[in-house]
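What follows is a set of structures to go through.
Two complexes follow with chain A in common, the first pairing it with chain B and the second with chain C.
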Partner chain A sequence: MSTVSWITARGLFGRRRFLLLLPLPVLLVVLAVLSRGLGVAPSAWGPPVLVGLGLAVVLPVVALIVGTGVLGAEIDDGTVVHVLTTPLPRWQIVLPKLAVAVGATAVTVAVPLFAAGLLADSVRLGLALAVAASIGALAYSALFVAASLLTRRPVLLGLVYVLIWEGLLSNVVTGTRVLSIQHYVIALADRLAPTNLLDTTVSVPVAAVMTALVSVAFTLLAVNRLRSFSVAGETS
Partner chain B sequence: MTTTSSPAPTTTSTLDLAGVSRWYGNVVAVNDVSMSLGPGVTGLLGPNGAGKTTLLHMMAGFLAPSRGQVTLDGLPTWRNPEVYRRLGLVSEREAVHSFLTAHEFVLATAKLHKLPDPQAAARRAIAMVELEGAQDRRIGTYSKGMRQRARVAASLVHDPQVLLLDEPFNGMDPRQRLHMMELLHSLGDAGRTILFSSHILEEVEQVSGTVQVMVAGRLAASGDFRTIRRLMTNRPHVFAIRSTDDRALAVALMAEPSVTGVELGRDGLTVRAGDYGAFTRVLPKVALARGVRVRQLLPEDESLESVFSYLVEA
Partner chain C sequence: MSEPTGVIHDIGYQRYTGLRLGRRAVFGALYVHGVRTAFGLGRSAKAKIFPWLVVGIVLMVAGAVTAIGSQIGETLMTYAQFADSMSWLVIFFVAVAAPELVSRDLRSGVLPLYFSRPLPTVDYPMAKLLALATALWMLLGAPQLVMFLGAAFTGNDMGAVWDELLDLVPGLLYAGLWAVVFAAVGLLIASLTGKRAFAAGGIVAVFLMTTPIVGVLSILPSQAANQLAGIASPSTLVQGVGIWTMRDQVITDPDALGPDLGAFGPVYALVAALLVAACVALLLARYRKVAAR
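For the complex of A and B:
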């Protein structure tokens, strides 16, 4: 583990905001267990729990908390200056932080999604959801890490994307789904384990290409922004 | 108290600012500042809001100048992480990774610098700031002054030739302050370029004779503050004199063109001189001619405080 990853992980898991990650995955598993235990048909509880909660809320919200936590929190409290006053090329700072964000998000989201997919249908669906969510964690994390360097309010920007763009617009205006990470994840999961529980209009090639594009583009943007990082304008 | 000195650098570095300005919208924070900082300790002095922190951030590569250029040994500091091999920064903001111990923090910094022996470098830096006793405690449990020392240790771990410190004495108790002053002195004496900002005159006066004075975004004065004072010919120089016959000396001095005023008091004379050099040359001659022995001659307004207040009022 690199020193940047080590400091990032210590910072992430040492802050109280990490506790915010736990309720949503627990809720996902509890709802899946209850639905299964009460004998509700998977076709009735699967889509709202797996997609409506798991992929549309748990994945992006966890990615948002973690993604803005690995860099945005350090920018907020000023500790990022300690890492930046070293001769490390800026990509050697962004990539380890991104890796920690992806890893933490993937573990937090993939495990409950696997359990929920297993309870709804099969091991294959559970694995498909876990793998697709991990791929989605990469794209979301790249987006939110870059957002930390684009604005002083990355959480707000992230919430607007998740709630307004993905939650509202992509359900009303189908064309916007091409720019929705949530729909890439659904398309990839459906490709890995075809069921009638997942439904999307984005094709698998588009989902794969766009996921890669979003991940690479926002990572490069983050590296470039970090090269020009300015300390907030204090004039004392 | 001892100060663990670091080895002298094999090379010295120069930080140059050429016509540097920085503005935020319509507000000019730093206005056309040029200076060259070489080995030794320099104080960056100015009232709050004078632009000291903005200037330091530009020097440290954390702010792009709106105009002009900041270079370290000819290399721009902006968008150039390579300069941090030679440059250390202690920012004013007290941000430290509070979940780490001081040892972990300084060691991590040494590793980020990819030093050949990070453990030894961390030990040396922690010893320089006398934090060995508390190095295994979490920084979150430290006092303000201890946190500051941990940050200074981290900024020194790679043995930089240039060290920039923004208000380094904030939150330190008198003993820690004295130790920090000794440390800065020893670093400057070893050939490092040290610049520290402060709005507290005593601090600058005790640490450094060389000052850069910022007032309202501009560089108001630069150099040794005693020399700056002597160049302020429009301000009379004030001297306190005690002699064997103050009244006779006062009468004689009033006849001298370099003297603009004399006040006779119980404790001696207060003399105002328009020309520092002419007065100090003429005083012994006048005293000798009148058979008066001068027991004490003290320049009363050569303190940094006087220089600073004159500059700010100007």
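For the complex of A and C:
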């Protein structure tokens, strides 16, 4: 484990703030257990819990908080200078941070989704959701780490994407789903475990290619941006 | 040891003898500054991007609704329904504005400066809350005014304008309810952290995670649970109050089922009032603690 990833992990988990991430996954499991325990049909509670809460809220919001936290928090309080003045190649700074963000997001989201999928249908659906959510965590984290280098307000930019693009537009204008990570994740999970609970209009090859493209492109963009990064303060 | 040789010169310092503005002026200044902050007025262009993005979208939707409505000659959306359909943008606006209003002051540690003025601890959060609620009400009210003007100029006689006005007033009241509930919840969350990024994420997380709870509660095998489901989320709670008080404004399509409240309409109103009261009480408690530091 490199020093950068060690620092990042400690910055993320060392504060009590990290506990704020727990209510979301816990709520997911509680709702799944409640619905299952009261004997509601999985076809009725599956879509709102698995997609509406799990893939549309928990995954992007956790990825947003963690992804912008690994680099954005250091930029915010200026301590990123200490990392930048070391003779490390920039990719050795971005990749460990991205790895920590992906790991933290994937664990936080995949475990409750596995439990919910297991309760909804089968072990296969649980595993499919967990795997797809981990892949989605990679794409989202790459996007949000790059966002924290593109602007000083990465969380708001990320929220524009999550709320307005994925939340509002892709429900009204279905064509925008081709550029929505949420629908890639749904398509991949549905391919891994075909059920009638997950539904999307994006085809699996498109989802796979686009997820890979998003992850790689935004990682490269982040590395490139960090090469010419300016730490000048901003007072707005 | 020699005698001190320093001299104190009179360089003309004077005490302030002008009018001293009291508590009300401080409150008013904080309030006006808060409303301006919410929209990024008086600040750099970068601070204006996100608030005016939201304002632009809602005005654009209102313009489109008005234009299409006047072309095909029927109302696409009532004033109250407009507030409902903009809920995601309202959440985003709260996530932008609430951290600007309170988290910056917490982070930069300027609160002792505020509280060294003739400003009771209660006034600071109340001014901020009022400012956020006003900003939200303006965000939802301005597009309704656009729709009203469009409809008023489309109508041929004064009677039609009067009818429109009678529809607009409940719409604006409904927007006010949205504003108060969302401002109270959002500002409470934002006041817990000094980091704007965490505050914005927290606000969105709280508002979004409550919606699926409604979805699950409304399919449980218990009629009372279904009818009370809307209480679990701020947006459906406000909607429930709207359905109870002005059903014909919120649900226009007679075929649409809409959320079934049963006889629990008053419960929704009571819970909404309790929610706002609880959030304000917690906000005041939070600032009592911060001010004591």
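In the analysis below, the second predicted complex is superposed on the first by the 231 of 236 C-alpha atoms of A that agree within 3 Å, B and C clash if a C-alpha of one lies under 4 Å from a C-alpha of the other, contacts with A are read in each partner's own complex, and residues count from 1 in each chain.
Here is the rule we go by: a residue touches a chain if its C-beta (ideal position, glycine included) is under 8 Å from a C-beta of that chain, and two chains touch if they have at least 3 such contacts.
These numbers come from a predicted model, not from an experiment.
Per the definitions stated earlier, placing chain B and chain C onto a shared chain A by superposition produces no clash, and the two fit side by side.
Our angle of interest has its tip at the CA centre of chain A and reaches the CA centres of chain B and chain C; in the overlay it is 80°, to the nearest 10. Shared-chain residue A:42: touches no atom of chain B or chain C.
In the superposition on chain A, A:136 makes contact with neither chain B nor chain C.
When both complexes are overlaid on chain A, the residue A:7 reaches chain B alone and has no touch with chain C.
In the superposition on chain A, contact of A:112 is made with neither chain B nor chain C. The wider contact with chain A, measured as residues touched, comes from C rather than the other of chain B and chain C. By the document's definition of touching, of the two partners only chain B reaches A:228; chain C does not.
Once both complexes are placed on a shared chain A, the shortest Cα to Cα gap between chain B and chain C comes to 13 Å.
Shared contact residues of chain A, touching chain B in one structure and chain C in the other: 234-236. Those residues of chain A that touch chain C in the complex are listed here as 17, 20, 23-24, 27, 31, 34-35, 38-40, 44-45, 48-49, 52-53, 57-58, 61, 64-65, 68-69, 72-73, 76, 152-156, 159-160, 162-164, 167-168, 234-236. Chain contact summary for the complex, chain A toward chain B: residues 3-4, 6-7, 10-11, 14, 77-79, 81-90, 227-231, 233-236. For chain B in complex with chain A, the residues that touch the partner chain are 24, 27, 29, 48-49, 51-54, 57, 60, 62-64, 79, 81-85, 87-89, 91-97, 99-100, 105, 108-109, 111-114, 151, 154-155. Within the complex formed with chain A, the residues of chain C that make contact are 43-44, 46-47, 50, 53, 57, 88-89, 91-92, 95-96, 193, 195-198, 200-202, 204-205, 208-209, 211-213, 215-216, 219-221.
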